[in-house]
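Worksheet: one structure, shown below.
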Amino acid sequence: MFQRINKLQVDLPPPTRPDPNAAAALQELLGGKYGEMSTLGNYLFQSFNFRSKSKLKPFYSLVAAITAEELGHVELVSNGIAMLNNGPDSDIDEQDGGDISGAPFEAMKDIRSFASFASAGGGALPVNSNSMSWNVDMVTTTGNVIFDLLHNFHLECGARLHKLRVYETLSDPTGREVCGYLLVRGSVHAHSYALAIKNLTGVAIEQMLPVPNIPLGNIPECQKYLDEGSHRRLYTFSPADYTELAGIWGNGEMALPTDPPGELEVVPGMPSGGKIHDLTGMPSAFAPDYAPEEMLEIAAKLTKAM
Amino acid sequence: MFQRINKLQVDLPPPTRPDPNAAAALQELLGGKYGEMSTLGNYLFQSFNFRSKSKLKPFYSLVAAITAEELGHVELVSNGIAMLNNGPDSDIDEQDGGDISGAPFEAMKDIRSFASFASAGGGALPVNSNSMSWNVDMVTTTGNVIFDLLHNFHLECGARLHKLRVYETLSDPTGREVCGYLLVRGSVHAHSYALAIKNLTGVAIEQMLPVPNIPLGNIPECQKYLDEGSHRRLYTFSPADYTELAGIWGNGEMALPTDPPGELEVVPGMPSGGKIHDLTGMPSAFAPDYAPEEMLEIAAKLTKAM
Amino acid sequence: MFQRINKLQVDLPPPTRPDPNAAAALQELLGGKYGEMSTLGNYLFQSFNFRSKSKLKPFYSLVAAITAEELGHVELVSNGIAMLNNGPDSDIDEQDGGDISGAPFEAMKDIRSFASFASAGGGALPVNSNSMSWNVDMVTTTGNVIFDLLHNFHLECGARLHKLRVYETLSDPTGREVCGYLLVRGSVHAHSYALAIKNLTGVAIEQMLPVPNIPLGNIPECQKYLDEGSHRRLYTFSPADYTELAGIWGNGEMALPTDPPGELEVVPGMPSGGKIHDLTGMPSAFAPDYAPEEMLEIAAKLTKAM
Amino acid sequence: MFQRINKLQVDLPPPTRPDPNAAAALQELLGGKYGEMSTLGNYLFQSFNFRSKSKLKPFYSLVAAITAEELGHVELVSNGIAMLNNGPDSDIDEQDGGDISGAPFEAMKDIRSFASFASAGGGALPVNSNSMSWNVDMVTTTGNVIFDLLHNFHLECGARLHKLRVYETLSDPTGREVCGYLLVRGSVHAHSYALAIKNLTGVAIEQMLPVPNIPLGNIPECQKYLDEGSHRRLYTFSPADYTELAGIWGNGEMALPTDPPGELEVVPGMPSGGKIHDLTGMPSAFAPDYAPEEMLEIAAKLTKAM
Amino acid sequence: MFQRINKLQVDLPPPTRPDPNAAAALQELLGGKYGEMSTLGNYLFQSFNFRSKSKLKPFYSLVAAITAEELGHVELVSNGIAMLNNGPDSDIDEQDGGDISGAPFEAMKDIRSFASFASAGGGALPVNSNSMSWNVDMVTTTGNVIFDLLHNFHLECGARLHKLRVYETLSDPTGREVCGYLLVRGSVHAHSYALAIKNLTGVAIEQMLPVPNIPLGNIPECQKYLDEGSHRRLYTFSPADYTELAGIWGNGEMALPTDPPGELEVVPGMPSGGKIHDLTGMPSAFAPDYAPEEMLEIAAKLTKAM
Amino acid sequence: MFQRINKLQVDLPPPTRPDPNAAAALQELLGGKYGEMSTLGNYLFQSFNFRSKSKLKPFYSLVAAITAEELGHVELVSNGIAMLNNGPDSDIDEQDGGDISGAPFEAMKDIRSFASFASAGGGALPVNSNSMSWNVDMVTTTGNVIFDLLHNFHLECGARLHKLRVYETLSDPTGREVCGYLLVRGSVHAHSYALAIKNLTGVAIEQMLPVPNIPLGNIPECQKYLDEGSHRRLYTFSPADYTELAGIWGNGEMALPTDPPGELEVVPGMPSGGKIHDLTGMPSAFAPDYAPEEMLEIAAKLTKAM
């Protein structure tokens, strides 16, 4: 089972302006082959399909717990995409859609992902930066534990490469923060799968890291997460379960040599998290509605009636 | 953010025998257009992309909370699929893969979804009963609140129809229980979206229910859930958030006339849940490994070392 | 614009028994790369996109008119599929769905296209015999008239080959009649595109026909259509338009040497057609409804009220 | 069966300039999930697969007749797309392709849908605005009449939302007229499915309309269609069949309150329609040919020879 | 550039009987995510896209040379598939297609991949065992050398697992031999990518092998290839190029401990190979033709005329 | 079997500047329906699946040999794409990736195929110009020899049309040279399939050529290939096999009337070819690595050590 908390895993700065092509670029980290839907999808189904769960608890717990974190990553990137389409935060929504006969969204005609406006109203979708759908071909769940872990290790390294390249194309603070945070957390996941493999095979595969060979410290947006030791922490993302992953992430294992030093530690539960930004009402695009006043009133009444 | 709990939403009886074609049939309820991946995917992205969240809390909370329940449905169906491929519960795993030269899985050659054995080792995948991938075309997230709610209402009715038909093809207790439980819970979701629409438009659309027009009481596997009032309960699936959905599910609204009577109620948190069955180790299919003894020992050591 | 007539292009015999795998085989002729959705889709978009329509009327009219016939072929194959899933004609529908708790559709669990039952209730879908969707990759519409005609000529020959092979797998009269009729009409289309090419290039490409090199006369189900001269007739499928195709199909051109002799002729309008079979009500599968009595009464009242 | 008439359902104004990105935007209304291929595909297959057709004539006729209108919508949008790529009407085609060595179509290199030029020569294709193919996942045809009608109601509302958003991005008269006309006709379809549902369930679901909540009167391009009462008329699009839909669209039912008042009426047959624009010959792009003179002469001769 | 030699990489025994479902199973090793189309496609595009080729010759050469071997694997599996559909070798083709009116291929109606008969006449196609197409989502080519090598290492391990499972379902000698040979060669490729990674990172990742942990010696069909030392040989598959891969495969590196001992060696060129079996003429299925006599005569004449 | 030679089939001039949208346009000739992946895929699988190979040697050899040439075309277009993304040749790679925090690839944010940068680092992928994947729907391999040849003839004509249109959008010498060369070679293939058909059917289908009707001589980039007689030469692309195709390409057959005159001739083996350009190291995009110095040193050492 899963519980939901109405927070993002981290605070995101608001965008300085709407930038639909930047939002579309960020989609690569959501629905691309090496995006968060893929890390989520792989670990989710691997955890369902895991054989001998009770006898292989540290490994099962590792995959199961990271699944929950990845779902939060899907949420984070999705929020980043919607925010980049939305533009700066504002408390003042449009009052109503007004006169729409003057092609108010003509600028959308030339963006890369027209359908993200026409269909999703600027929201996130499970597609990559070229609008291709995420799909089953991005999921590997063989049930062979060593192979699935090896796959996951490779997946996290590939995800890191994609995050770096997307980061290099973005100038807006929102998208850059998403990349910075995910780089640190993805690094933790790559490291943890490496340690799991080392435990099972004796091969010190974590010594390959980081792949690509750029230290996290070179990314300014990673700095505060390194400072607070995020690269050394693995959360259980559970009220009480999955603590057995401490057999892998812990046991005296240390941070990667390219990162600030320190021992790896398991943190039960989850980070304190950051607020979910309100996306501005955009009645001229029929979101939440063309003439939303009544809707807002009803909502206010229902809230009070509780 | 999301937290994970190492339980299913409900207890499933073990299968009486492995039945790969039944498992493949159940895939329709996982990755089909009207399956649980679709309800999850729709509500997940709708909740991310929701505009004016803070001003439309009852509606946002409804979608956001049901998302978390749907993820548990994905888990439940996936477990059902893996269990149906696996067969009866057993504490005794195969010791090792033994001699594999005698075509030990020849029977798999003629099953409907060969790849589910060859690639997923009998696990669940985000595909439908004909092996087609779940994809973005199954997600609607326009940001227009009334339309998205209408879509969701239709989606839940369609999901109900598919559950009923899949149920009619299954004789094994595991798959039938999955269907029975999901029918009750899906009915709650259809009802809740109908009430949300009624609040916003004044149209008593819940009076159409149930679609299709078969009472839940006609399904023996639904009975115990009706008895305990599950059809009247909406969980927040959150430690503290989403309680505002009580503005919609509550307020004196009553159970559907075809179901046992009573008032609708919001339950903070989640159900007590059921156990996740261990899938038997199947070394002859390399899951978790061909010669897993060392792996099991390592896992045991790591567990103790914590 | 298009008008619809509530008839099939030809009478189909009812099936002797339900045969879902035969229905699935017939899907190849509907949604396969060389199926009727493809001939329809190609000619439909070619006719929309045709340049210099008014100056190239015979060629434009040929493509435009055959489009309308192909839509009727899509209808014919689809009816064949639904009939094969449905089984013999019957005036007596099920009264209601009754007790569905005994796995009444267990036999469906092992059919090749489970989703055709679970999702389409035994109806036709735009997919091929392996459940793959028809899609844009099956449409060629370049606007180069000679190339598009050459493509269409090849498409009709490919369609003929697929019809022959599907025919060879079917023992039921419904599917065989569909194949027999389509073989004759497809032969007309291949012949007509060949004549169009000959007019434009001087190459007597119709002399290649038939491809594959089996005479229509070898197929018993084609015989009556040959007897009535269907292989020499091209319909305009229009109340008044597209008569200019007589510049291509006509002009003294004769039937293919392997077919009964005679001159080619254009027939304004359409064939007299055959009846659309009623698909039996199947309340146990919720089609049209679980307890349809009220629905039937309402329909009866509305019909009278007109 | 279907007949074709060489007219559009309505007159379209010619574009003022070629605008490939506007054409690509309009593709959303052709091949998108909520585009005309989808309304066509859903009603087409639902009408084929309809059970107890003869006993449920008003409902069957409604779906069957609207199918034929939707095919004309597919034609209308497709013509709009090809026209927007083509630019202003002109009687004077290029004489021949001339010297193509100077990159005459360099401007195409940067358009959003390059393949629409390279492959379709500026024609329409069954894809959405992001070049994704239309496919079976956009078709729902369960055979459960109430559910299918509910699906169709939701589909028309979703289509309306997409038409509105596409309209808001277009400044050219051709695309705007397409949207304006389709908005009025789509409104009729949504209304008619609502009435069908009301007849079967007693729920006055048409009172939700319009979704989104913008009156048609706010769209200048809708005005003339409202003036002539198009919003109150449902055509049978058939020479003689489907008149039974008057049991649903009629019976004293009135126009929606946000539209000009008046009684709903069934019109046998079809509207008078508008002319199909000639797409200019573009020999430099090999459409209809690089040196088309001979082709035009042959066509002229064949036309005379008839 | 590539040259073709009219041989398979190894001799295959003929099948004992036609077995379309076994052929469909083998498709997993052709068009599946971990099949030979994928290894080919990954290395092909990686070799095209490789940066600093001349400065990274050993690594470039490794990927480039294995590409050529993989193409031969695609050929080998494809031949195996076609042979399994075809059945035992025979010099005597059908004379002609004869009377096809008696449903001569009725048995095909119930096979898993109907389209492989209807469309491909029993030939191989780039799809997996569930008929899903191979596609770009199965290609990783980032240009980051360490990551691409890691991906390839994981890909070969995954391919090995799939070969083992397919092998376990096959009783026919043809399919088993395909698996046996590919297991040995795939093991070489996994080993070689591991050594490349070790050279670049210092991590002895080859010590993880074999994944899954079953020795090749346990597969009887691998034995003769082990005996002849195939597991220690890497071919350049080139008349003169790619010898630089000896910097990786060689240098005193030894066979894996679970395989027969010995030093790794690079073999310029390619293996001596085995014959390509003639697929029996099947005129009743129109392959090569319904009445092929004339075709065979023409071919004989053209051969003499050379 | 296949051998690889480390050359392109022809020398390509380096680009004058990076042009990602031109590279994306060229993708149409790689992964589009009428691109080189399609000619390759069709002939590859047709050659595998060919029945009665030994009795139909001239036809089998024709398809088998052209397959090998097409693979070289795939290589050529892929190199062209990577070169156009890369820009002018340079011996001097970036030393290392340096400071990447300043959005060094911001310009990529607005290119048409963002994923080609983010995922493939500017390399080629098996997709079309709209980023859609190449797939099995682009492969026809029925086993009916006349039909498959007719398909191939149409395919080559379609490929020619696409090459012409892509050529018309490109101003850079690299892409234009790719088009010029492929136009000449594609013309040879269309011609050869026409002759094969003529041999089998007696229809002089080669008299339709060229389709589209523009002489190769109108394309300046084709001139040098015409001068050297490339349009009259068919290579066996084999050390010793496939010479039987001389029964079709030869026998006194002459060049097409629109091309420079002369007899057709078979050339055993392959052309002398051109060099493969080094793609510049781009450490700032992590290709081959962020800090590649050590990698280059290791490669240098391994090369020496051989």
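Chains: A, B, C, D, E and F, in written order; residue numbering restarts at 1 for each.
Keep this in mind: a residue touches a chain if its C-beta (ideal position, glycine included) is under 8 Å from a C-beta of that chain, and two chains touch if they have at least 3 such contacts.
The structure displayed is predicted, hence computed values, not measured ones.
Identification of common neighbours of subunit A and subunit D yields B, F. Distance from the centre of subunit F peaks at B, each centre being the average of the chain's Cα atoms.
When every chain is reduced to the mean of its CA atoms, the largest separation from subunit E belongs to D.
Think of it this way: of E-F, D-F or A-E, only one pair shares over half of the A-D contact pairs by residue number, and it is D-F. Between the interfaces B-C and C-D, more contacting C-beta pairs are found at C-D. By the residue-number overlap criterion, the interface of subunit A with subunit F counts as different, with under half of its numbers used by both chains. A straight line joining the Cα centres of subunit A and subunit C is 48 Å long. If you average the Cα atoms of subunit B and of subunit E, the two centres end up 39 Å apart. Residues of subunit F in contact with at least two other chains: 33, 112, 119, 121, 131-133, 135, 137, 142, 144, 146, 161, 212-213, 285-286, 289.
Chain contacts here follow an irregular pattern that is not a line, a ring, a star or a complete set. Chain pairs that touch, as defined above: A-B, A-D, A-E, A-F, B-C, B-D, B-E, C-D, C-E, C-F, D-F, E-F. Per the touch definition, subunit D reaches subunit B in the complex via residues 33, 132, 135, 137-138, 140, 142, 144, 146-147, 150-151, 153-154, 157-158, 161, 197, 201-205, 207-208, 211-213. Within the complex, the subunit A residues that touch subunit F are 21-22, 24-25, 28, 32-34, 112, 128-132, 161-162, 164-171, 212-214, 218-220. Within the complex formed with subunit B, the residues of subunit C that make contact are 97, 99-101, 103-106, 108-110, 112-119, 121, 131-133, 284-286, 289-291.
Contact residues of subunit F toward subunit E in the complex are 1-9, 31, 41, 44-45, 48-59, 64-65, 67-68, 71-72, 74-75, 78-79, 82, 93, 119-127, 133-137, 139, 141-146, 199-200, 237-244, 246-248, 250-251, 269-271, 273, 276, 278-282, 285-289, 292, 295-296, 298-303, 305-306.
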